[in-house]
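Below is a structure I'd like to ask you about.
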Amino acid sequence: MYITYERAEFDVNDIGEIRRVVGEAYHNGVEASKHGRVADYIPELAKGKADDFGICMLGTSGEPIAFGDVEKRFSIQSISKVINLAASLKFLGFRETFSHVGMEPTGDTFNSILKLDTVSDLPFNPMINAGAIQIMSMLSNIMDFDELLGFARAFCMDDKIELNTPVYLSESETGDRNRAIAYLLKSKGVLQGDPDKTLDLYFKMCSLNVNAKTLANMGLLLACRGQNPFSGKHVIYPGYIRTIKSLMFTCGLYDESGEFGVMVGLPSKSGVGGGIVSTVSDRWGIGTFGPALNEKSNSAGGIAALKHISHLLKLNVFS
Amino acid sequence: MYITYERAEFDVNDIGEIRRVVGEAYHNGVEASKHGRVADYIPELAKGKADDFGICMLGTSGEPIAFGDVEKRFSIQSISKVINLAASLKFLGFRETFSHVGMEPTGDTFNSILKLDTVSDLPFNPMINAGAIQIMSMLSNIMDFDELLGFARAFCMDDKIELNTPVYLSESETGDRNRAIAYLLKSKGVLQGDPDKTLDLYFKMCSLNVNAKTLANMGLLLACRGQNPFSGKHVIYPGYIRTIKSLMFTCGLYDESGEFGVMVGLPSKSGVGGGIVSTVSDRWGIGTFGPALNEKSNSAGGIAALKHISHLLKLNVFS
Amino acid sequence: MYITYERAEFDVNDIGEIRRVVGEAYHNGVEASKHGRVADYIPELAKGKADDFGICMLGTSGEPIAFGDVEKRFSIQSISKVINLAASLKFLGFRETFSHVGMEPTGDTFNSILKLDTVSDLPFNPMINAGAIQIMSMLSNIMDFDELLGFARAFCMDDKIELNTPVYLSESETGDRNRAIAYLLKSKGVLQGDPDKTLDLYFKMCSLNVNAKTLANMGLLLACRGQNPFSGKHVIYPGYIRTIKSLMFTCGLYDESGEFGVMVGLPSKSGVGGGIVSTVSDRWGIGTFGPALNEKSNSAGGIAALKHISHLLKLNVFS
Amino acid sequence: MYITYERAEFDVNDIGEIRRVVGEAYHNGVEASKHGRVADYIPELAKGKADDFGICMLGTSGEPIAFGDVEKRFSIQSISKVINLAASLKFLGFRETFSHVGMEPTGDTFNSILKLDTVSDLPFNPMINAGAIQIMSMLSNIMDFDELLGFARAFCMDDKIELNTPVYLSESETGDRNRAIAYLLKSKGVLQGDPDKTLDLYFKMCSLNVNAKTLANMGLLLACRGQNPFSGKHVIYPGYIRTIKSLMFTCGLYDESGEFGVMVGLPSKSGVGGGIVSTVSDRWGIGTFGPALNEKSNSAGGIAALKHISHLLKLNVFS
């Protein structure tokens, strides 16, 4: 199960070699997807196709290295938690944000209520549902969806991000567990806004339509410390990017974060729509799309591909 | 509470500047220690002096930058978990090690039994007591204490590490919670060796006498990917070092690991004896010693000092 | 703390003696109330007066033995769970009722979510909030509040029971934890009705105005196996009364049920409004009212009084 | 699954009728045993025969009503917890006993550690492993096994109770979970004696050889408030019997206690060896033996038989 790769010896700046490695990673991802299962948390998600797979790697050159289904749009799901956190840091600041949500990994599943009702009134971190709902309750007091969508487009360097209305309606109709989380937070005096308004925004942000290219763009903005390398625009303060990356590293892949840290070693965030965003400081953004999920609800193909790329190109932050 | 430092602008290779920053960090550590409390898990620990504080930073030049109580020996406590993991990876291999222990942060306290009895039969990771005891059960079948001590000396590049017998006896006398963990693991068929023999080795490894310099050495070996930069000897395979660093990052500071990742951003491991080891790839090992602990059982002074150094010298892995 | 009473030797059919014992119990209750605290779960409850205390004991003679504040109306709170269960058994039957809720004590607090999200999807029993909400979801499909109120009046042999509107509004405004429970049940596909409608009925039933006499009446109907001893009317099938009493015994006083069973030994149910209903088969209904609660949220005075009566009159079911 | 029996109309003092009902119960027990499974917690238990079944009902006449395997000896297992509690009440008193163990049902499995490490340092009640081990730690300071065995013989009115040595050795060899519980209690400063000595006594008491007749005897002593009805000897104070019965009612059948209370309604205690002891105040002791257990680890046949007897003979305490 655990494979210790032998390192290939080649020049990591040789674009031809990199393209070859990403191509191999694509094939690994396609193979691994065969062992995954499409999510069925909500009916709309269950429509995903298990054999879709795509990978896109983007550097500051602007020339993407892309294989497979990189244009196909899918719902961003939990990857929106990164955007929500970024918006909170930008518009509310570090102190205000972390006065209302913690920074610790939980070891529990993404939608767990357990710790919230036993260990701490504050959600453990912004990467689990409770934490993201908490952050959305704060944002709901200062921003509406159009403003959040505008920020998401800037943060992902993708003006074509739209609300996927069927997914949003499906989320909203079946979101009772998230409603339970919101009301539990409210009952503890922790939630900072109206539960209905909060959840509506939360569901909408989970329902943004992105593709693997969007995620590569987002990863590249993170790699460039919050600056759009093409327009030069500073979307978000570099210190906040550091915070975001650290939380992606410790909490970004649900209860598989620790193993992903060991096996891939890149700040990343997954969503049950099949996406994973990864970032390589100063160099790359990587987006993968594969709706066939493993038993921890992470994209089976995405993880396989990222392992290959990280090993062969020596991208692990602890290399 | 949370402070976003403004970066100083200076040359990070200017040793005079670095010495100045570490000196400031030392003073921060001394101040922060005033708000901490010496551990009393075992009687011998309670003898620690709350105003002891020292910091040592060591690069491949071999010239330590040191302030305060850096020669004073204290018990390594949980930092030995890094040595145990390293020994397991070296002598048993990656697959064998992680067939018997997980890689996930728990979100629980270091000596929690909760997840072990509800979520998973395998201990969540090697940095909590249950995981370290599990690893020691495997090592107990192939090594005795003298061999482990020899490995510890090589791994810490410090031949003067000895067993602190009073601490060992105190650990052994008061180690009933660890006995409970060992027997719980045995009852699940998870423990790989005899509980008594396992615990004896575990207690002994917790009772090794180290000082801040030892920890700086250990951090430097990690920074040099397992190679002793002075003798050139390869103590442990570089790929294993990557694994160790990743687990230190996600799980190294008990249930403060996530916040430490955000605020400091260096693979580190703390012990209730007051030590913290940190590592900066290719450049530095850092050891701090301050027995006054914060409410998460981490050295209050050590954390304050490491925050200062990481910010001013831009050492955060996600900078 | 625990007192083993010496039994008085007297004729338990001597009404004068019984009156004397109940009088002593009243004084014990008044004393014990001084060490309790009025509930503040909802603002309206916090208006309760800590030194109110009353006790009423009623046999089939119809002559109450009453001391103190037995006419004063207060909100029934959790004691309504007994009425809800009775209605469910009567109108939906035993099988249907217990297909959707368990029969086991939890060992947790009355409003705990823990087991619901870890051990079982079905609420553990009808005497905790989750179980009562579950039962109300079933009833909400076949009855409206007026019908439930009618049943409550018959079950308590008290036509003057009314909705306490300020308490109901206060419950409704501050009932977010109960909303969380309802949505969690809905997310698991367990809840049988609309959450809003369910909670509205649940809050209304918690807000019924009763007094100690009402509770004595209710206890007497239970003692008479569901038959109104004055009108002769059968309100509910005797076999259901047996079920209700058993669940009151094992689960009726929150996480103090076991101790209450040992110290008092009567099927009873408490509410945070300060009421306790108890029943002595074939003989008595007992109602107590004392809003000063102990640390387990049960009426401090009520428990003290019931201990005295049970011991002196040998009413413990296991005597 | 849940059956509401129609009551037979006959004279409950007609011994011929009672014998007929117990005979039917025996047949129900034999049938129900076919759906159970013999325990395999320890190798010796796994040797039990799934189709063994016997029932014995004994009144003060001394003439047992017995069917099936009522002479066959088996290990008492958790039913010894009743004897341990009785010994603690008799030799240490009520206050001392309940200063070190609680009285609350847990809602968890019999060998759960969960609550012990999260809710309370004291074991929840004497009927779970943690509580019984705690009680044994107290007894271990004042009694040896021979004295406990003597008490057990008096309490069960059976001089032929012996230690089943193979079961004891098997318990001792495989008792690591109980060792974990003992050391956890010790680490909290709760355990009152030496863990090894405590566990040795605990394992021995679990390994007493009894048969269905022994259990009927024990139930009869409980029915007679602690007095041996044949010799007239007072084995234990009546007030303590009341306490024991109450705890048997709320906690006696593991996490099936609540349902058993509803369906049978008699103070009872089960063991994984296949025994159940039940008691009917002033009238009967009932012992059943059927090693085929249901999914809650209670004797499938025993429960089926007891349901029948309780319903037909109207023995439910809340009838």
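Letters A, B, C and D mark the chains in the order given here, with residues in each chain numbered from 1 onward.
Here, a contact is a pair of C-beta atoms (placed from the backbone, for glycine too) under 8 Å apart; a residue touches a chain by one contact, two chains touch by 3 or more.
It should be emphasised that the depicted structure is a prediction, and the values quoted were computed from it without experimental measurement.
Enquirer: If you average the Cα atoms per chain, which one ends up farthest from chain B?
Expert: Looking at centroid distances, C is the chain farthest away.
Enquirer: Once the Cα atoms of chain A and chain B are superposed, what angle does the rotation have, between 0 and 180 degrees and to the nearest 5?
Expert: The rotation relating chain A to chain B comes to 180 degrees.
Enquirer: With chain centres taken as the means of their Cα atoms, state the distance from chain A to chain B in Å.
Expert: 31
Enquirer: What is the distance in Å between the mean C-alpha positions of chain A and chain C?
Expert: 49
Enquirer: Roughly how many whole angstrom separate the Cα centroids of chain A and chain D?
Expert: Spacing between the chain centres: roughly 54 Å.
Enquirer: Quick check on chain C: which residues sit in contact with 2+ other chains?
Expert: Residues 118 of chain C each touch two or more of the other chains.
Enquirer: Hey, which chains are touching each other here?
Expert: A-B, A-C, B-D, C-D
Enquirer: Please give the residue numbers of chain A that touch chain C in the complex, ascending.
Expert: 112-114, 117-118, 176-177, 179-184, 186-187, 195
Enquirer: Considering only the defined contacts, which chain C positions touch chain D in the complex?
Expert: Interface residues on chain C, with respect to chain D: 1-2, 4, 94-95, 98, 102-108, 115, 119, 124-125, 239, 241-243, 245-247, 249-251, 255-259, 261-262, 265, 267, 281, 316-319.
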